[in-house]
Amino acid sequence: MTVKMDVAALHAFLESEFPQVASDYVVEEVLENRLRMRLRVGPGHLRPGGTISGPSIFALADVAVYLAVLAMIGPKALAVTTNATLDFMRKPAAGCDLIAECELLKLGRVLAVGDVRIHSQGQAAPVARASLTYSIPPGT
Amino acid sequence: MTVKMDVAALHAFLESEFPQVASDYVVEEVLENRLRMRLRVGPGHLRPGGTISGPSIFALADVAVYLAVLAMIGPKALAVTTNATLDFMRKPAAGCDLIAECELLKLGRVLAVGDVRIHSQGQAAPVARASLTYSIPPGT
Amino acid sequence: MTVKMDVAALHAFLESEFPQVASDYVVEEVLENRLRMRLRVGPGHLRPGGTISGPSIFALADVAVYLAVLAMIGPKALAVTTNATLDFMRKPAAGCDLIAECELLKLGRVLAVGDVRIHSQGQAAPVARASLTYSIPPGT
Amino acid sequence: MTVKMDVAALHAFLESEFPQVASDYVVEEVLENRLRMRLRVGPGHLRPGGTISGPSIFALADVAVYLAVLAMIGPKALAVTTNATLDFMRKPAAGCDLIAECELLKLGRVLAVGDVRIHSQGQAAPVARASLTYSIPPGT
């Protein structure tokens, strides 16, 4: 299966569909069933004490799987998240961006499942692990 | 076990610790191991098409369990989310606030588990279901 | 929506389709989107020390949601579990059966989501909480 | 961190602590924070139609994380599963054993998190993905 949207196409899609958050994210690499992206951590993602908020980590995992699915099936999809599971394992490093590495474990006709590991830039130990299921509407 | 923080104390805590988001939330009721709160849905919570974003729903579930735990153990805690699982089941009704009903199923010495049902105000069918585990640091 | 399979029909289905485990389970009540059933705990469900094994608890939650779905859509379905999340919260009471109370939170055309609370018979505090998603094949 | 229990030590532990199921499992490799094991699929693991039962897959994931934790901390632990999340993605191949590849993403003082990929022997596509949290009792 070939990649239908490359990094530039995914950035254009993000800017068109999610203009309010597109500048927070940088897609770094897209391969078959794999995508790596970065959250540019800014003040709006932080909690008191300097840690990155849970919703910001959730959002990063969610958009990583969404873009990994779109990269494979093209931009017309209206896929929706049906299930998300996250393990928060370590405090992110202060002042570092977060990197999400997504792997699509299943890309079926109806359901897609993506697995995401998130770490602070330059650190090997994972901050969080997530798996998300997307429902793909018929006819897309 | 008695409730250690009532609605007013929880609001004061939110405003003090999470000033950037406190005005989004209204705690409506606190009982032993139960808490009901509302997300005042505003433009910042919406996705194109008017639906409420996944991170906003995650944040609501997360804060509901956090406050339900603090209501029982008091404001000194530094509890952190270790696991979150969400099922997204229906599109929220347009123009409606979201209501989260949280029940603490376990409040142990080390771990607390909360179950959350989220629905659009005035609608019975759930928009989402979530369960979250919080790790409670020793000595709190 | 009316219940299409009552307790007797569900027992007959279990005995026909899952003869090797049917005698472990007793469906106690079926209502619209709700089902209560019991695991007759026997030596095969126990771990050293007398606790009930995790796989036995998983199996109880899984079959409870499966039967709750079939009760609503009828016996022809070939629904399969796509996601299961369990929180194990307390050690089951020794020598007691387990009771599972299942509620279907969603019964869509493609996906069904069930929530299950499991407790030891005669004890209020939950042993485990589970949510499971079933994929319903088209045309059923 | 060095491995405290090798393949032979883990097999001896399984046979001593879980004699009723030990012969179902073969630990194939143990490395730092990694473990690969096999479920010898037999008639007791099958559902009508020849597919492997959900509880058998759950059990394999659960024991893989358990043994991966013990391999690192030694045999004295009384770790218990507190959370398990599974995505079931494909039907296992008929007549094949299942292989579980476990990676410990966190091995903390109180909590351990393991990620497991399960596939049919000789097939690359995953049958299931699981993540499990174990609570490690103090003093071990």
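We just call them A, B, C and D in the order they show up, numbering each chain from 1.
Methods note: a residue touches a chain if its C-beta (ideal position, glycine included) is under 8 Å from a C-beta of that chain, and two chains touch if they have at least 3 such contacts.
These figures come from a predicted structure and were not determined experimentally.
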Across the interface between the identical copies chain C and chain D, with over half of residue numbers shared counting as same and under half as different, the residues used are same
When B-C and B-D are ranked by contacting C-beta pairs, first place goes to B-C
Relative to chain D, the most remote chain by C-alpha centroid is chain B
Averaging C-alpha coordinates per chain, one finds the centres of chain B and chain D separated by a number of Å equal to 34
Between chain C and chain D, the Cα-mean centres are separated in Å by 24
Distance between the CA centroids of chain B and chain C (whole Å) is 28
Residues of chain B that touch two or more other chains sit at 82-83, 85, 87, 89, 133
Within their complex, chain B touches chain D through residues 82-83, 85, 110-111, 133, 135
The chain C residues in contact with chain D across the complex are 17-18, 20, 44, 47-48, 53-56, 58-59, 62, 80-89
Contacts from chain D onto chain A in the complex sit at residues 85, 87, 89-90, 105-106, 113, 115, 117, 126, 129, 131, 133
